[in-house]
Structure formats: C-alpha cells, structure tokens
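Pasting the structures here.
Look for subunit A in each of the two complexes below; its partner is subunit B in the first and subunit C in the second.
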Partner chain A sequence: MSTRKIGEVILKVDNISLRFGGVKALTNISFDVREHEIRAIIGPNGAGKSSMLNVINGVYHPQEGTITFRGETRRDMDTHQAAEQGIARTFQNIALFSGMTVLDNIMTGRNLKIRSSFLEQALWIGRARREEVENRRVVEEIIDFLQLQHVRKTPVARLPYGIKKRVELARALAAEPSMLLLDEPMAGMNVEEKQDMCRFVLDTNEQFGTTIVLIEHDMGVVMDISDRVVVLDYGRKIGDGPPDVVRNDPEVIKAYLGAH
Partner chain B sequence: MTAGETFPRLLAAHAAARPDAPALREKYLGIWQTWTWRETWTEVREVAAGLASLGFRRGQNLAIIGDNRPRLYMAFASAQCLGGVAVPMYQDAIADEMRYVLDNAEIEFAIVEDQEQVDKLLEARDTLPTIRHIIYEDPRGLRNYAAPGLLSLDALRAKGQEWLAAHASRLDDEIAQGRTDDVSVMLYTSGTTGKPKGVAQTHAAMIFAARGAVGFDHLTERENVLSYLPMAWVGDHLFSYAEWLVAGYTVNCPESADTVMIDLREVGPTYYFAPPRIFEGMLTNVMIRMEDASRWKRALFDRFMKVARRVGADLLDGKSVGLADRLAYALGNVLIFGPLKNTLGLSRVRVAYTAGAAIGPDLFRFYRSIGINLKQLYGQTETCAYVTLQPDGEIKLDSVGKPAPGVEVKLAENGEVLVRGPMVLKEYYKRPDATAEAIDAEGYFHTGDAGVFDADGHLKIIDRAKDVGRLANGALFAPNYIENKLKFHPFIKEAVCFGHGRESVMAFVNIDLTAVGNWAERRGLVYSGYVDLAGKPEVYDLIRGCIEQVNAELAGEGELTHSQVSRFLVLHKELDPDDDELTRTRKVRRGFIAEKYQPLLDALFGGKAVQHIETQVKFEDGRTGVVAADVRICDVKRVPTRAGGAA
Partner chain C sequence: MQFFFEVLIAGLLSGVMYALVALGFVLIFKASGVFNFAQGAMVFLAALTVAGLKDEFGLSLWAAIPVAMVVMIALGFLTERVVLRPLVNQHDITLFMATIGLTFFLEGLAQLVWGSNVRKLELGIEDVPFEAIMESTGMLVSQFDVVAALICGALVAVLALIFNKTKIGRALRAVADDHQAALSVGIPLQHVWGVVWAVAGIVALVAGLLWGARNGVQFALTFVALKALPVLILGGFTSVPGAIVGGLIIGASEKLAEVFIGPYVGGGIEGWFPYVLALVFLLVRPEGLFGEKIIRRI
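Let's turn to the complex of A and B:
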C-alpha cells in the first residue's frame, strides 16, 4: 500500500473490563496499537466497539484494567487529557454545530491550540490576532486536503450527509492529532462517498503519519485499508491480527463474517 | 504590429513595462494569490530552462493536462520560449482516450496538475514508452511514487535556475530564434467523426485573432477574466492565453471546479465567456429561488422584469426609450437588476460572449434585458475560435454577427460558410489529406456549416452543410434550421421536415406530452394517452398556431421564406432511439424516418387528409408490438414574404 513505516506500540490496553450496572460491555480486553498504523475494530452490533473507543479517549472509565499511552500507564483516561495528548475522534452520529459554517466548525478543532487570553481575543489584539491567522492557515490546509472549498462558508445543517462526515474528520484533523479515533466514518454512505472517505483516511495516514483506530462495518473497507484488525463479540476479544489472518479465523467466521 | 511577434516576447514586454501589475491570480488556502508580470516571466523562464536542461528541443510538443492553473498557463509560454508547441489536453479524459493524442503528438514531455493525471500518464506509458518526463504541479499523494522521469514542477524550476546560471544567454537566444509563423499551440478537435485531429495554430494566427477581439470590444489591461473552461478548448486558449498576453489583463483561476460560481462572485469579471448551458443554469437557479421568495419580493421581481423585457435590450443598444420607461428601468436597476447581477457575479461585466450551441431566444433576451452585454460569436478551433462577432448595438437573436475585422467570409454554392484570413489553421498535424480537404486552393477554410447573410450583412448559421438541400425551385432548404425553430415552442418535442427536391416543405411533429398534457388538462380536454392526445383536433389547432408563427418568422428571412411549412401531421408515436428513429444524442435520422413512414410522407405530399398507418414499436422490455392509427394531416397558412431580416 505504501512505504510508511509502522513504528513502536504507542497505545496498549490491558485487561479492560467495563460494566454498566449488571451489563458487561467489555470483558478483559487487551490489544495494542502501533505508531502510524491503521487499526480496525470490528464486531457485530453491541459487541462493545464504541465502548472501547470511549474508554480510549476517556468518555468511559473502566472498572478494571490499565491503559498505556506513550509510555504512561493509567487506570483510565480523561477526555481533556486525551485531547491534549493528541487523541482526536469523530462520532458515529454526527456531532457538529449545525448552525455554524464548515469553516467555523473546523476552527473549533483548533480550540486547544489557542493560548491568548479572553481579553486579547475580545479586543482582537496581539497574540489573538497572530493566532487566528495561524489557525486559519492550518484550517485552510485541511479544507484543501479534504476538498471542502466549495462549502467553506455553508452552514453545516444544509450539507448532505457524506460531506458532514467529512467535516467531522476535518475538525478532528484540525487538532493535529497523533492518533485519530474514527467511529464508523463510512456508515450510511453510498459507494462513491465511501471510496472518497477511504481515500481521505489513507491520505491522512500517509500525509501526516496519523495513527488511526477505526470502527467499521463494511468488511470490504476494513480488509482493504487496515493493517491489523481486532474482533470483538459480546464484549470479548475473539480475534486479533492482520486482515488475512482474521478473515480465515474459524471463530471470527462463526461469530461475525459467517452471519453475513 | 511588429512582424516578429511571439507569445514569449509579448510576455517579456509586459514584464518590462508593468512588472508589478497582476498577471495571474489563483485562490489558494482561501486567499487570492497573485503572480505579477515580473514573477510570471521569471517562472516561465526558469521552467523553460528546466525543460531545456532535460533535453526539450525546438519543434517538440509539450502535453499540458489539468484544471485551469496559473502555473499550467505559464507552461504554455515555457514551451514556446524554446520553440516548442503546447498541446493542452482534456483533463477529464481517461487514459485510453489520451493515448491516441499522446501517440499522435509524439509526447515526450508532459506538465500535469496532480496525481490523477500522473496516474493516467503512467498507465498510458505501458504502450507509449516515449513519454519520458512527467512533471507535476501538486505533489499530494505522489510522495511514494518511484516511476522514472517523474519530477515536481518545483524541482524542474530548481534545475532551470541552475541551468540558467550555467548557460547565461542560451535561453535569450532561444527566445530570439522564435518566429511568428512557428506553430505555438496544437488543439485537438473533439472528433465526433473519426479520430481527433491536431489543429496546428501559429503565434501569428492566435495573436491576430486575439488582437482582433481585443480591438473589437475595446479591451484594456484593466479587464479581469475568470478562466474555468477546459484549457484544451480553443475558446479558453483565446480568452485566457492569447488575449491575456495581447491585452495584458488579469486572468483569475478558480479554487476548484466546484467553487466556480463562488469565485465568479468574488472576482467579478469584466469580460466573460460561457456556453449557453451555464447561462441557462444560472437563470434556472434565479427562477427557482424567486419561486421560494416572499410574495412581495416576487411581485417586485415580476413587475420590474416586465419593464426590463420591454426596454432593457433597447437601452443596452443605445436606442431611444421614453422618459417614463427610463425612470422605471433605473428604479428596477436599483431594486432588482443590480442586486441580481451582483448575486450572479456579473455586475462588472462589460462584454460577455456565448457560443458553442444555439442559445434560446428567451435566455439571451433575459441577460440583455437586465443590462448584461451578452453577445454571440461563431467560429471553430480551425479559425482560432471566431469568424464572426456581434458588434455592440447590432445584436440580433438569430444571427452570429458580422465577419470580424480582417476575416473574409463567403458562401459556397451549397450555402457552406467559407473563411479566409490570417487566423485559419496552418494544418492538421500529420494529416495532409485532411488539410487539403479543409482548405481549398484559394486558401478558404471549409467550415462544414451552412449559412446565409441577412440584409444587414449578419451571418446566420442554419445547418450542417451536408444536410442542406434545395427545393424544386432551387431555394435553399435547411431542415435542421426549421426543426430547431419549431422545437423552440414548448409544445413541440421533435420535428422532422422534408422538402429536398420538392415543391414545398412538409413536417412530422411529436407533441411534448407533458406540456400539451398540461395544456389539455387546463382546458378540460380528456385524453387516454399519447396517441389519443396527438390526434385531437384541438391539439392540431394548437400546433398549427406554432407552425404559423415559424412561417411568419421565415417570411422575413430572404431565401428561407420558401421553406415555410405547407402541411404537417402529428405522429401517432413518439420518435425513439430504441426504434432507431433518433440517435442516442437525440438527433433525428431523417432518411430512416422517411423510409419507415413512407405512406405518411406520400399522403403529405399527395394532398390526402387522412392516412392509415401501422407501425412496429419496440417496448423497453424488448418485446415488439404494433401501433395503428388514422393520422390526420393539416394544412398551414403560408405567410407572404417580407423584406428585411430583423428579428
């Protein structure tokens, strides 16, 4: 696929268990993610895929297990911490500010990079001004990268679904993340939109070296673009490895692929 | 006009005279970036030097493929600096389509926009190993390509800088060697019949055409142009390259193909070219949005558009208009036309042209009535885009204007338009047979179009020359021309006219089921389907009304008055490509139809009032069936001939 170098393990989850009351969402899950790789998490509905992402970026706090990110081991992450350490994500259901333009939505992704004070921003002086120009440049580069020029000033509410998904990716990229969590980036898209999105995910990975963890239902997409795949079923890990290995794993076939 | 003009020398002159004036602009990262004439000239030279360092030779062809980008326009000039020929190619063609041109033009060097084009050229290279150097502007996605001969434009430029340092005056010598009658550009005609042909145009021809157009419309270096039509098309080459270098105005390139309408509004061009479909799209957008506007706004719009239709075009032509209308129009300009033009991005347009296809009279009138100086021109790749232009103040809806300054136009025996002048092509590349066929011994280029001149010397294109026939009395008979006039009526979907070698003209008509169906419903006319509706006496009256209008128009068009339709019938079935009656692009196949409906044709010419006919039809699922009907035939009033040709 490309000559990018897959590096060391940067994220490692060990024996993660997550319960909501009596419901076990995740049981004893362990896997790792290497730098610059595209790592897919697959599984049937309710397998715990989104919960897993939520654990990684600190929305959920697991009852058991540890998370090691860039050498630092914790019981759980905290969302703000995750963002500051360079983890960004998109959501299964689009979570954009629908009244705001595409440009403004992506600008919100720069939030963490702003150092100027409230007063400076209100008066539009000094640092605030410089930062805005710098942030806008980064955002414009992302707009160029994801080919969103024609909708730059369009309110998000007026956009078709496929473009909204792309805006979400743009906002996540605006934070210049080192790791990107994508929750079903291609759900509900037609074939052409899916192809575009695949291209953008691969380009992001190649151009910026961003490590990508993605949840996806379209097996064709998963097998095509990911380096390694984790398979979950009923909150348990039943498979882990390169696409070809996973595809031929009898247990995986029984639980998931065979059912399709 | 000096004898030795070439495009590189024109560019050098602008760079010397107005180094800091804007030459090119492109929107990048949301901001309009500018190249001054000095910067443009520097880059053109460095890229030319880079090409020279790779061995690009005099007379060689340089393929240029991509969207309208400033640096691709510069590549034209870079090739020409070295005595090379720019060969722009359609950027949306697939690799297989490109292969023919790449092979025919013996391409060794290509400057392209991005990964998409690089991929296509690499694919084509499988069978065309002569493509040695592929130079790309945008490096995105190409980082890991290791194909030999692949180079970024920036890297080429860097090579050029080194080469210039080592060979101080070599490039200037090359530029000085350029002759005005060298071929500057080769534009491939799309080739609806057979393989595409490379139309070789010289510096002299393109500069003559550009200078003519610039003088004709009084263009200055202050114009702004938006270049968004394919670079491989002669119109863009004239507007965005030849005229750019002759007039020295600013060419603006859109951010992407999707943002053209937004960029149009931001640039506000003063000189604008678009094919009819773009003007049509804009108008449709306006109308749709007016439908959604509040009642008050809509009433205002309708009120003032009425004024505009009445006097707008006359005001534009400088004709005298009453004071009351003048005031009403001025108010309309403040309230409606001005804001409307602004929304369309056309507020600053001084001159706008359309060509390429017939523009509907309503569409043309709309733009002129709101004060946009929209004009038509006629020409082809072989004549550097234009032969005739409409002069200001002499705009006729159905003519394409007068022969441009320095262009000789005459009509052949069969009505074919023949053109002679400095802008006629030098040759079809490597096709002496085609060149000999197109250019006769006297130097006239045969356009293949048939036309007539009206009383004021305006040319009217009526048909393809090969379709034109003669009536029994020797008068010109142009079936397409009459059919198009008939089809401008919304009730008529298709029309087929017959008259070659006959005393008079007869027509088959297909009604438009939607339009006539609506019309029938409003009148409470009951019908069961197409066949039933087509046979109704009321519908015959409706269609007769339309045809009489066309006859009235033809009565004022000189020789064409003899082509007035005498009798017609409404066909009992819709003409259909599945039945081979139309081509896939919905052009009527007149000969086939005449044969298939022979009894109807005989009845028309034989003076019968009704004719029974049975026709085989193919249904969409592949089954065949028979439609039978008694088709009525109706006489039409002919209108006495009028003098003059005003529309």
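Let's turn to the complex of A and C:
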C-alpha cells in the first residue's frame, strides 16, 4: 500500500437525509472520500449502508443534503449520469446478466465507451470495428488481472458464487471508473475466496488508483484493508476515522454489542 | 402423401404469420416483463394507418409505409413515457391492466381517425399458387404465403443483427437479463423500454401489412393477437426463437388437424385446436419449449 498516494477529497456527502414514507433510512449523514482511498462503511443490519451507496450512485434520491463528486455539487441524479461520471458498483446480491458469458458480461461494462453510430455497428465498419477491438483489449486485460481466463466463455449462470462476485467486479472495472462502490464484496464467501477478493480489491486500488467505497461485515477484512471507516447505526453516523480509532470508539462498541 | 405435404407447407407458412405477432409480445415481455395486451390493437392501428393513407390521401404504398413506421415509433416512445413510466415498479397485473386500457385507446383512436369501414390493402403480391412448384411437384403453394415468409425471415434477420451487433441491441439484451445490473453499467432503462416498444410497433406494422393484405384491414385484425397466445405458451414468453418455432408448430398442426382429424368430428377445429395443444403443453412444460426455466425456492 506504499505506492499509492491518498489525494484530495473526491466525494463529499453533506447532510444527506433519506426517507421512505415515515421510515428514516438516513439522517444527516456527512462524510468525505479522498482520491485513491479505500473507505469502508460499516454498521449493523439495517443501518442504512446500502441506502448510502444507492444515494451515491443515484438509485435513491435523498430528500435533503448534497453530494459533491469531483467538484460538482448536486442533490440527486440518475444511475446513467453516475455511470457517465465514472462511478461503477457491484451489488450485495449479485446482479449479473446470467444468460451471457463472462466475456459478454464484462463487455457490457464498456457500454458507455462506445461512440460509433448505430449504422456503423450494424454494418461493422469504420469506428465500430476499431472500438470493438479496443474494448476487447481492455476487457482481456481485466480478465487477466482478475484471473478469469478459464471461465471466459462460460455462461455466468453456471459459475460458483465466488467467481460470480469476481465477474461483477470485472464488469465494474471495465468502465474504468474513478470510483468503485462495492456492496459486501465478500459476503457469503469462504476464507480462501475472501482472501482472493481482498487481494483483488487491494490490487485494483494500487494498480489503477481507483477510489473504493465498500460495505463489509467481516470486521477483520475491513480493519485490514481500509484507510478510513464510517460507522452507521439506525441511519445515523456514529463513528468516522481510521480503523484503529473506530475500533476503540465506545459508541461503536455499544452499537455492535447491543449494550444499553 | 403429396396432399399431406401441401397442407403441411401451407400450415408452416401461415405459422410464420402467427410467429410475427408473437414476436411483438416476446420483445416487450422480455425487456420489461409487461404482457402487452395491446399488441393486437397495434397491428390493427398500423394496418389501418397504411390503408387509410393510401385511400384518403392517395399516397402510394411505398410512401404510406414509412409514414406508418414513424407513427408506430412515436407511439412506442409515447407509450413508455405516458403509460409505463408512471407505473414503474408496480405489480405485473397493474401493468397488464394498463395495456388493456391502451388497447381500447388504440382501437378507438384508429377508428376515430380512419373510420370503421373494412379497407382493402394491396401489397402487389397475388395469392395464387406458384407455377414453378405446381409444375415440378404438383403441389399448390401460395405465392403470397411464400413472400410473407420471406419478409418475416428478413425482419428476424435484421432484428438479430441489431440485437447482437449494436450498442442499443446489447443494451436491450442486458435489460432483458437484469434491470439492476443494466442500470449499474449506465444503460438508461427508460430509453431502452421506449426503443423496445418502438421495435414492437414496427413488428406490428409488418404483421398488420401481411395480415391486412390477406384478410382485409378490419377490426377483426385485433383478434390476431389471440392467435399468438398458444404460440407464446408453446414457445415460451421470453424466447425469440421460441416464438418462431412455436408459430410454425401451431400453424402446421392446426392445418393438419383441420384436414385430417376435422372430418371425423364435423370440421371447424382449426379455431380451437391450437389452444388445446397449448393447454396440453402447459401440463408438460409450463415455461414453454425455449422459455427460461422457472426455479423457485420453497
């Protein structure tokens, strides 16, 4: 982790509140994410972690507060805009195109990079051909990087859970995102798969300099790989700081142990 | 034996026309999970628009078709914007009800604009037997049916090209597979749904032209959609090849049943035989020949 340098604030979340009818999912949440950083969001079940990610990439629209991403401040946007601005994500329960092969799935990640026109693509001429070659090259690099060569042509539905998670990461990386949101990338994995995934997350961060925001339940993992941690409980922020500080925060301990 | 093949070929060729209507259903169902009850009304509207433009405005066929195409594309995008977008995330049955409403609206609109008279639609293809085939094999094969089958084949080929090679086609397949994943790679769902409805509109136009030329452009065209139901049950609601194969099976079996079983029960079984076939099929393979297997945790 010595090669990368943590830079300026790239994402700033200010006083975000999100309600679903009478249910307050998030209340006055503020935190920031610096460039090249690995930022974890933790908290007990129902704390609002996934909601927070959904606000960042435009699935949910908060009632209050603003988000500043690379100098641009806004209340909400749609997922298409988020993807165009370089935010990619993976999901808690895998969202892959199960009918397509691994290769095709990762190729969909290049969707927004395609500039050639409809006719050029249908007739396979001009820019369309060049783009396809270029996109394929990038995808093959990612396949090598995440060691998915052996399943390149396998339909995703046939793969084991751990590999599916990796394919999802690959698809997110194919968009060459500046920020990557990972929703429980290690949930449901065995120890070996977790180790692999940890390594891939760290390598991604190091080699591509991708800023990573991740939600994770495995405290060992979180404390090992993240630079700073936000702790949520019942939609409120109860802790924020480097792993060592958060770990010893009485508020956080109380939330996790459920002591009153 | 020769007669058997004659019936079989006639059946397969009419099956192509069923497949065409079923295709419109499959496109929309696959991409958005909406069972579009209005597909028949779209066929009717498209055919009536072409016939109306020809009769009332004196447009030639080749001028009327592009105009109708623009109408169907606009209708597709408008449907997504006005009918479906406000209902996003509602129950399937709500969306289904909305398309029933759309059916009445389109049927009314078509007749309001063009009147309710039966119109003739000439495509310039005559419904007479192919002479070459008649001379060489002695079989009667309708020229119209063969041309219709070729047009359908060309349409499917173009659709396949678009789905597999273009960005919007890939986006379409992605949306059909998983909405959430499609959103996360930056595919605008609503735009894709608009495109799907527009494509279904164009398919409806082709179906309307062929069915309209064959049976006359009249209100009964809307019932063509009902013929697509057994095709869908047989082929699966989510499979384009299924729609084609299902159409062929339904077309062939209903004609064969009519000719060879019909006489024993007094005839007229062509109308209901496909539904019985579909019913039997439901018992054995509820997801259809090519549909996605439904796996449920209990």
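Here is the rule we use: the second predicted complex is superposed on the first by the 255 of 260 C-alpha atoms of A that agree within 3 Å, B and C clash if a C-alpha of one lies under 4 Å from a C-alpha of the other, contacts with A are read in each partner's own complex, and residues count from 1 in each chain.
Here is the rule we use: a contact is a pair of C-beta atoms (placed from the backbone, for glycine too) under 8 Å apart; a residue touches a chain by one contact, two chains touch by 3 or more.
Keep in mind it's a predicted model, so treat the numbers as computed, not measured.
Of the two partner chains, subunit C is the only one that A:Val59 touches; subunit B does not reach it. By the touch criterion stated above, A:Asp203 is placed in contact with subunit B alone, subunit C being left untouched. Once the two complexes are overlaid on the shared chain, A:Glu140 sits against subunit B while remaining clear of subunit C. Shared-chain residue A:Arg89: touches subunit C; no touch with subunit B.
When the two complexes are superposed, the chain touching more residues of subunit A, out of subunit B and subunit C, is C. Contact with neither subunit B nor subunit C is seen for A:Ala187 once the two complexes are overlaid on the shared chain. Note for the complex: subunit B touches subunit A at residues 27-31, 140-141, 143-144, 255-256, 258-259, 262. Here subunit A touches subunit B in the complex through residues 2-3, 136-137, 140-141, 143-145, 147, 149-150, 152, 203, 206-207, going by the rule given at the top. Within the complex formed with subunit C, the subunit A residues making contact are 57, 59, 78-80, 82-84, 88-91, 95-100, 107-109, 111-112, 114, 116, 118, 121-122, 124, 171-172, 175. Only residues 161-162, 165-168, 170-171, 173-174, 177-178, 180-188 of subunit C touch subunit A when the two sit together in their complex.
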